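Structure in structure tokens, see below.
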Amino acid sequence: MAQMMYWEAIRRAHDEEMTNDPLVIAMGEDIGVAGGTYKATQGLYEKYGPERVIDTPISENGYTGLGIGASFIGVRPIIEIMSVNFAWLALDQIANSAAKVRYMSGGQLTAPVVIRSPGGTAHQLGAQHSARMEKVFMGIAGLRVVTPSNPRQAYGLLKSAVRCEDPVFINEHELMYNMRGEVPDEEFFHPLEGSEVSRQGRDVTLFGYNLSVHWCLQAAEILAREHGVDAEVIDLYSLSPLDRAGIVRSVAKTHRAVIVEEAEAPVGVGAEVMAIINEECFFELDAPPLRVSARNVPIPYSRPLEKVAIPNVGQVVERTMTLFRRRNKH
Amino acid sequence: MAQMMYWEAIRRAHDEEMTNDPLVIAMGEDIGVAGGTYKATQGLYEKYGPERVIDTPISENGYTGLGIGASFIGVRPIIEIMSVNFAWLALDQIANSAAKVRYMSGGQLTAPVVIRSPGGTAHQLGAQHSARMEKVFMGIAGLRVVTPSNPRQAYGLLKSAVRCEDPVFINEHELMYNMRGEVPDEEFFHPLEGSEVSRQGRDVTLFGYNLSVHWCLQAAEILAREHGVDAEVIDLYSLSPLDRAGIVRSVAKTHRAVIVEEAEAPVGVGAEVMAIINEECFFELDAPPLRVSARNVPIPYSRPLEKVAIPNVGQVVERTMTLFRRRNKH
Amino acid sequence: MNVMPGYVSQGARQDGYRPLSVADRKRLLREMLFARRFEERCYEAYVERKIGGFLHLYSGQEACAHGVLEAARPGHDYVITGYRDHIHAIKCGSDPRAVMAELYGKEAGVSRGRGGSMHIFDVAHRFMGGYALVGGPFPLAVGIAKGIKLKGGDEISICFLGDAANNQGTFHESLNMAKVWELPALFVCENNLYGIGTRIDRSTAVLDQYKRAAAYNIPGIQVDGQDIEAVHKAASAAVEHVRSGQGPYFLELQTYRYRGHSMSDSNAYRSKDEEKKWLKRDPITILRNRLIEENELSLDEFKTMDREIIDHIENDIVRFAEESALPSAQDVDKYVLAENDPWVRGKGEKA
Amino acid sequence: MNVMPGYVSQGARQDGYRPLSVADRKRLLREMLFARRFEERCYEAYVERKIGGFLHLYSGQEACAHGVLEAARPGHDYVITGYRDHIHAIKCGSDPRAVMAELYGKEAGVSRGRGGSMHIFDVAHRFMGGYALVGGPFPLAVGIAKGIKLKGGDEISICFLGDAANNQGTFHESLNMAKVWELPALFVCENNLYGIGTRIDRSTAVLDQYKRAAAYNIPGIQVDGQDIEAVHKAASAAVEHVRSGQGPYFLELQTYRYRGHSMSDSNAYRSKDEEKKWLKRDPITILRNRLIEENELSLDEFKTMDREIIDHIENDIVRFAEESALPSAQDVDKYVLAENDPWVRGKGEKA
């Protein structure tokens, strides 16, 4: 098992898939000559040339639609949207074309595009560069949404996304590109559906995805060390569809659930996981499920404001403990 | 109290606000000379002229952004997006400009625009004309979302939205423009926040908004007549912010909740209301809250498919009754 | 503004053009007449509530799709358009019965009844679909052109859209990319002077649409869209330009729709005078009269042709649509995602 | 392609132009020098981690904002731009201390520390903001122009953006609307030949950006953006055109940024040769040397001026930013929505 960074894992997946299939192409702003803002496509331009590694104009809806159209006839575009904030501009082609074409053509056409984009809050990038849009993509029928929490997933999810017949949105994170982790040396394809138990536990389940998985893991350590609470951590690497069975399995075991999301609460991952728990295993609950979310504000630039706008490990611990202090249901 | 149609109520609100303030303008595709696809602006072009009743090019992001820019210096644009499906194209200006400008300018600028659009599934309009996007707008901090279920609300909510300093998205419905209802003769401004008890009841709360309020009311009649179940119906005319207090008040009384939404379930109104119930009054529940939603598919054209894709009154009744048949929690 | 066609710019090579033979012109007359009758029959079916949703008819614009596609290779070249799409699909080779069945929402429809009038798809004939968002097809067409270039085929990608669609941002972004990457895309603008009820001069700063292509260094030309021979000649040069690897091309056809924008539109915004002027330039009548003048056709032959077409539509096409089955409600969840795609389960080692 | 400025098109009336006085030119020299030193000081502060987020510097382009706004009425006319916005705001009248405090994320910042470098707002001086989405300001600027027209004022709306922004759909939609409605909007394109690391010829079909305005019947001109006197002359005609009610105007300024696109960019994609060529045409040096040749300025005076500016920035501006307070975390929810807006509660009868 080689240690590599998140961006290196994404780059490796690109490279392998482009070698495997001449119709796999990469496109996006500054991904070619410049090698990509986060280096995810570094060196590919030199290796595969301008026809397959395409520096696009600043035309998000246009080049996303272009990738979708190319995918109609067998091309497998991996589209990088430099920051998820710019995806607001491309939602028309993603929602109206990519996600609906299979259905409205009665199965004749499909749009096997991969759209990758960093979708978290980094450091002081301000309101227009700090949106978290996973909730928007999860609401679009016909689109798959995955979000890697480590280099192994970043590699394996992109590999499978490229091969899959469906359009897949991959929600990455600006703060994770330099994260190190193990990636198997042998080629592999990560499942696009399901969830992963990142830590076994008995007392409460902490649900996270992408960066928040790491907050959950750190919180779990503190909960064990300082509060004797044994938390299970579930990594929801597939946000659409969500792994109903995996969610139920864990809650049926721990009887308590905390969903940790980097985004604001309204109509988000936390709400959807809570809804699934209510629908699938309400009677397993010993306490109300709760969500730890960002404040419902555009993200401020100033550091002290930004810090409190986004959830942190301390909050996860503290909010989780309320489940044990609060009166039991029966 | 005059009886008028939903479209007439919207037209009246436009007319009164445009008479009251010369900086209130209406803009959108075919709203002027043609009078508006659903007649909501009929006659205004003749009355107020082309500078204030503006037929726009087919440039959704452009003219929405134009309205937002004009609102920066005191203009009060009422922007009609002919079908909410076209709003996918305008989300950039709505989310990145209108919703964030107050925050990122430290309160110096605000975008008091009103964006109106029919946001439901009509009859056989197909996948690209049947989207329900309320969930998308509800996820945007800095934007208000209201949705009128009758002519009185259609009139009063638009009136208040025009005066309010915040950007407001008004989610209308293609199938409701010809609905008749009473609207007070005297001018009034409907609250932009809160919810309304459309029917008092003791046994279960049916939460609806826009068209689904009417499904809930019909279901309540059947539940009373055929099952002796006394259902309360809550009209969530404000989707952002949602009326937490109103939701809790009703659930604390009925101890059972059903959320009826025309949209697909994932990360929608149903999920958010369930989350609020879990957070605010979990221990009041005698049964798991449930949601009656559309199937998670692009909407098909063919009638028999479209019919089953969208929820109906029968489903509301049937699903609600499961709350009474199912074993009680204790 | 001058609402009548006429002005034709330079821009496309006209040399080596092989004019249409009499046989071709007779066939095209029949095809256009069929198109007209097909659309008018859809109108009736809509009034009878056999067809639902939005219905946009092509009557008046027949010479555009037929003239352009006659110059291309239907079934081989990729074609994409908007919601006014029945005739483009049929000219690409779609079975009119399957198109009508689609409008009836039947399982035997081209799109299995899932799409309806605005979403005719027939990938077997490389008709890549009708789309309902104005401007949506521009980037898709350019993407198909990119795919053609990557795969090294000799197909071209043809995008038919209206005049008002050119005000959408996708027009700008797509034409720029098509030129920067020199892609085999032919943009056909069917300029019928209106976007629903808004006349072009009220929404658009430049009335001659082909001139807008110059902002992307894309050659463009404006042609009388009511004269199929003029369309065919200009389109032949345009297709040759694109197929020979010289990059994208923009073809503006000046035309007119006879009916309202869709069934819900009354045309109140158009002067009867303007409509009369255009009716005088009916594409079917123009070609018919020419053939009659040349003694290649008699009025009786034409009337017989018309009767045959009407019978064929009624007894074959409409009957098929009427008699075929509706989709079953159980299939509502089909075609959202690929069915058991192996890659969804993954492969090889995993934690 | 020719990366050096020079070619200037026709298009703007040059008659009745009042050239800049010596006093004006000396003041502008000081202003541009101040801008340069201000930006370079930001660079240091960023390296010292006093400034966070993305930082885009204006060094090399000073003659653009100063030349154009000198010809307009800063503080009266509305100005909007992208993320490279510090200097535009200061030229509109913003207190440089409040701008620096904004970069430091302080409550005393122009945007109360909420915006940061990319979101300088100073509505009191009619600087309507810096926006971080490329192309986002186009429709906003046109909307402000629409508002001016409705209110009947004599202001104009000035939108400064880069060359690569012109490939965004909003450019197309906004210019078309500005012309259709004849709005008082001046579009200033600061063409520095790159969008981050992508050179204009790799992303754009038409290299001369002013030519793209023709697709909307908007007059345009291309000017040497390094010579503030040339900029001022062309801008004066452009401003006059727009203010006198003749509709929108497009002004392309050929310029160059010295530093990387933002602090995270190394400029690796540019040839040192190209950079040298442009450094020879430094806007400050050009004006300084002219004044010296005319014996209106001595090198010593210039050096003194420079020292004064550096001291001022250090002891006044940076000190202010350093010493002022950070926002309090309790205020994180402020400015999302209006505070107790009465209309939210409604008024008059309700059920």
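In order of appearance the chains are A, B, C and D, and numbering begins at 1 in each one.
The definition used in the following text is that contacts are C-beta pairs under 8 Å (C-beta built on N, C-alpha and C of every residue); 3 or more make two chains touch, one makes a residue touch a chain.
Worth saying up front: this structure is predicted, and the values here are computed from it rather than measured.
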Pair exhibiting more inter-chain C-beta contacts, A-D or B-D: B-D
Of all other chains, the one whose Cα centre sits farthest from chain B: D
Whole-Å gap between the CA centroids of chain A and chain D: 36
Chain B-chain D separation of Cα centroids, rounded to whole Å: 40
Cα-centroid distance, chain C relative to chain D, in whole angstrom: 45
Inter-centroid spacing, chain B versus chain A (mean Cα positions, whole Å): 29
Junction residues of chain D - those touching two or more other chains: 109, 111, 113-115, 119, 131, 133, 136, 167-170, 172-173, 176, 180, 202-204, 336
Chain B, residues touching no fewer than two other chains: 56-57, 59, 61-62, 85, 88-89, 92, 96, 103-104, 126-128, 141-142, 296-298, 300-301
Chain A residues touching chain C - in the complex, by the definition given at the top: 22-23, 25, 51-52, 54, 56-57, 59, 61-75, 92-93, 96-97, 101-110, 141-142, 144, 152, 156, 160, 163-166, 184, 186-193, 196
Touching residues on chain A, where the partner in the complex is chain D: 29-30, 33-34, 55-59, 61-62, 85-86, 88-89, 123-129, 295-298, 300-305, 307-309
Complex contacts: residues of chain A adjacent to chain B: 61, 85, 88-89, 91-92, 95-96, 99-100, 103-104, 126-128, 131, 135-136, 138-139, 141-142, 240, 242, 263-272, 274-275, 278-279, 282-283, 288-291, 296-298, 300-301, 329-330
Residues of chain D touching chain B in the complex: 78, 80, 109-115, 119, 121-124, 128-129, 131, 133, 136, 138-144, 146-151, 169-170, 172-174, 176-177, 180-181, 334-338, 341, 343-351
Touch list for chain C against partner chain D, complex: 167-173, 175-176, 179-180, 202-206, 211-212, 214-218
